[in-house]
């Protein structure tokens, strides 16, 4: 009896997100088979011995060794951001498809190295995990937009707001995160690039970015050039504008909301957030709970991401998130973070090169 | 300079609702002029000396005397329910238009006396104040229904739920209220009669009613044959059904909700109750407040009711709520209350006469 | 390397729901292994050859043969309702755990036979698939209720409304469905039994039921003693009331809504239905779409049901839906359908025996 | 019998808004008496002869003459924006209280002249009609914020979106409106100044503004230096940020929404817009309608504004909207409009003086 073809995949990194990815590929992605997992961390390996090994998953403490696992076809990378790029490049060079957690890197030059490696290995599928694109609501919004339901998408408002964590975690995390615009708003930027791409698939070209922010609850963020509330504007040469908000101090939970405004209609995703369909009537009002974490909000999207990536690998289709777009998102995120730090508006020409404000303003005349 | 014609009106009763009616006619009904007010209660008269007299309103401690106030054209009756009918009849006989708070009486025979008096004085406008019909949302629902937007209205679900009052007020009140179906669901019954009337304006004819209820928080209600939670079904010979719920123990506030289900569409009013457009994000969820009282929910409807009644009187138009319908609502409410008490389903023939179950069931064959 | 223990399960029936169950056990229930499937229908077998066989599932055209599949431990039954009971009994007698689609039967006596068989084989897990209990919103409502958040659950309003299907399907289906109260409201009755059970787990005892209905769009239903809109009341001896609505003519889609009202608070599930978190701004308003089918609304609940059933079998735990309760739901549903047909209120004593109205009313005094 | 004291007021301008103000003071403001009205426009005078004169309102075709109306105490100014300031100054100099429609002027210098005149006549009440402050939802939000419910207000997002008018009206209007930030977002700026004021009542001091925009549907706006979609950021020296959106192309209606985010909680106003409590179930979803115009959304707020202004005049209380704040709103709106046109971020020192970017950035170090 012929067995259906299943993609042999490994997961690198078994921290919070890595363990979830492992679980998704192991149990929730019918056409994938999790064959291997890597972690340098003894605690994570202990967890894997209990939760992965019994299902036939081989565990590795050395990433390069895992890449040589017999029959391995793909790797899902979920280690710390600082090694995403290096691991991705090694996997590509080993001929393995890669699904890498966002961002590839918080540094644009490194992203561009990955992009260059990927381009040199066109037979390898490389995709950055912008999970929000796999959420059912965003997907329906995109389908309706593609059909012309809202006319030309013109303005996109989007926010990524995390529940406040009083433990000080966000300050520690700011050392590596690249800053709030690179860590949080990268998702919103990705959505802008997605919704604002032309019908022919061309990315919109950034024209200017400006950002401001405050540290309302975590003054320690300043040391890392970061804030706990950031607001940014991204203007595109195509006459489209994205404006963004990110926060580390949401009182209620994870509230990521997007509005896409077109010339004929508008679509909003999650402007009425809710964990589920329950409403609680109490003496002081009617109450709805909302997801507490990013994963709480987007669990099904992560599973769908795994499914679509697997399908693209097995069937030789294009991956659903284009690498150029993912690198462009980092460029814009880094520029916003720089604008936040410098206080200055940053300008780009239509080729994507940074230009002086004076030159940009002359071009407007 | 000619003054525009204004209806000279008096208010009878200056308790909670009466004071509101007085205020509406005095300050919020441009084409009406409040000229007189009656109350037998010294406290209410004291209030009126401060709030009504300075605006030129004459105060009376005797109802009949007030009816003789020079130039008086209409009376708004808001005394205790037990004297509604008597005062209405006297006013009609004095040739004055009457807007009477619902219900005319908790007893059907008395309602029918009023109806008979009204019919004998066709030049006098008589209207029972079913405030819900003047609410903007219900009015839009009715307009859409009349236009055929939902096809034939077939099922109506409606509830009247009061916020729990731990003071024991509801038990005292039950002595006079006629019971929860007559006091609360009378509004819902009125809505059913309104939405289920034929295009030619014929009222639907009740076929059967059945009701059940419990005393969950106020066992004292049993003494008065009443409950704090009632559920009833009203079946009409026209193949339409209303099902009703009323409660005296809503945890949050006043929540009156109606759904009108037709053969092509459905309309719901207030299934997302809210005091206003504010939403509060707190650590345990998103919260909306709702109105605390019936008046909090329907204040604007009461003002609109006063306006439409005034217009009908001044322009000799039909009053917007028909007396036959208001008496029919009492008949159905009383039957539901009886069904609650007896445990029995009550049947009516197409002429509205009570019939035995055995006879009703034979007619089905 | 030791493989984790997985429950060997078969699916009986590969129609619309059966194919979904097969898929859930095959791909979405990590601790289960779908090893066999049965269908008497060549078309369903053809489908299974393509979608199940390649994953190692053995196909059977004979139910009894399938029961002998080596190592088989459990069966999920999703054939037509008329054979549910027979297949369940055979599986129990073969020592296999059973998850059976609701209802066991549309006839109470047959349900009781199954119950009796199950009781004689206590080592076998038997569960009726009341999917709504596995929905995240209902589960949270139940958890909050169990914790006392709403005080004593007193009133439950619940509806099951299907999108109108103009093909005449509902008329054909009415021949076998048992009627709208047995087919649709059975879910709502099950919820009432669940939420109204005492803290010690005792089911509430039904006291009376009454039902009415109309055929607004499908007069052909009358021939089968059925309606397209039904309203019913179920009164319990415990002083609790459930009131129910079911419809086959919802204009928009599947709208199943429940409100649980307690002495201290209330919970509502799905009073703001929505397919997802998208809202569409158009020229005539803001629009939300809702699920079109029962499965569209409850897909995740079915998967969770499979997971919990599997876990109970593997770990020897009690199944989460008790058989007594499932049989009681059929009793109440059948009584409601009978009340609809006869026009009469039906009474029960505290032992669950039918009694005459006269006797029931004497007992009230 | 003593008559209660009523404020004798006149309305200047009887266009769309003026007629409404006249109506509010005539019929919906109990303590005010509309005694006079002025309009230079024969059509408006014709309207007034029908709707105001019969109620005893004297009509004037000359503004100065009207100011001399015997016993006049106050003027509500609702003429075209270009004469707001001049009329306000004349009324103040005549010793009359003034309620002036926003904005006082689209030019900051002129606003400052009005402010200076007002300061020289401290016995005269002068208030700019920022209607949104009188909306029940905003008022509750403000009350909760004042009580500390959300901690320190830190971020304010606010939008003013008009329904698209395909007639070309917006292009014509742009000649006089001062631009989208001065015409629309002035309300949002006013809200920021209100919510961000310190507990001692000190206005927050603007630090920088930047704005971008596009002409998506009305390219003709460019001639007037205006756009149909604008996005702006206003940064305050107090570590608070307002970010704003305005649009002339909303597909559905008027959608003005505000979120106030504090260090402990957040409040949103109108993120679920709706005309009323009706929801319409149709074949393609559930639909809610929203107000079509600014007045449709804020009618009750305008009436409340009239009431509070009247009360302040009669009782010698401070007017509820401070003139300093209203002038500051114009300053910020004009700066945003300038930033939109120049493409440059504009900086201010803590005294409110414009400073060069280089100087501002040095100050950051």
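Points worth noting:
Order of writing sets the labels: A, B, C and D. Residues in every chain begin at 1.
Keep in mind that, in the parts below, contacts are C-beta pairs under 8 Å (C-beta built on N, C-alpha and C of every residue); 3 or more make two chains touch, one makes a residue touch a chain.
The chain list, named the UniProt way, goes like this: A, B, C, D = NAD(P)-binding protein.
Computed from a predicted structure; not experimentally measured.
With centres defined by CA atoms alone, the chain at the far end from chain C (NAD(P)-binding protein) is D. Of the two chain pairs shown, B-C and C-D, the one joined by more C-beta contacts is B-C.
Chain centres here are Cα averages; for chain B (NAD(P)-binding protein) and chain C (NAD(P)-binding protein) they lie 40 Å apart.
Centre-to-centre, using mean CA coordinates, chain C (NAD(P)-binding protein) is 57 Å away from chain D (NAD(P)-binding protein). Along chain A (NAD(P)-binding protein), residues 250-252, 265-266, 271-274, 280-283 each make contact with two or more other chains.
Contacts from chain C (NAD(P)-binding protein) toward chain D (NAD(P)-binding protein) in the complex involve residues 250-252, 255, 273-274, 280-290.
Contacts from chain A (NAD(P)-binding protein) toward chain D (NAD(P)-binding protein) in the complex involve residues 150, 152, 154-155, 157, 208, 210, 212-214, 216-217, 229, 231, 233, 235, 239-241, 243, 245, 247, 249-252, 261, 263-266, 271-272, 342-345, 357, 360-361, 364. Chain D (NAD(P)-binding protein) makes touch with chain B (NAD(P)-binding protein) in their complex at residues 1-4, 26-28, 30, 53-56, 136-137, 140-141, 144, 149, 265-283.
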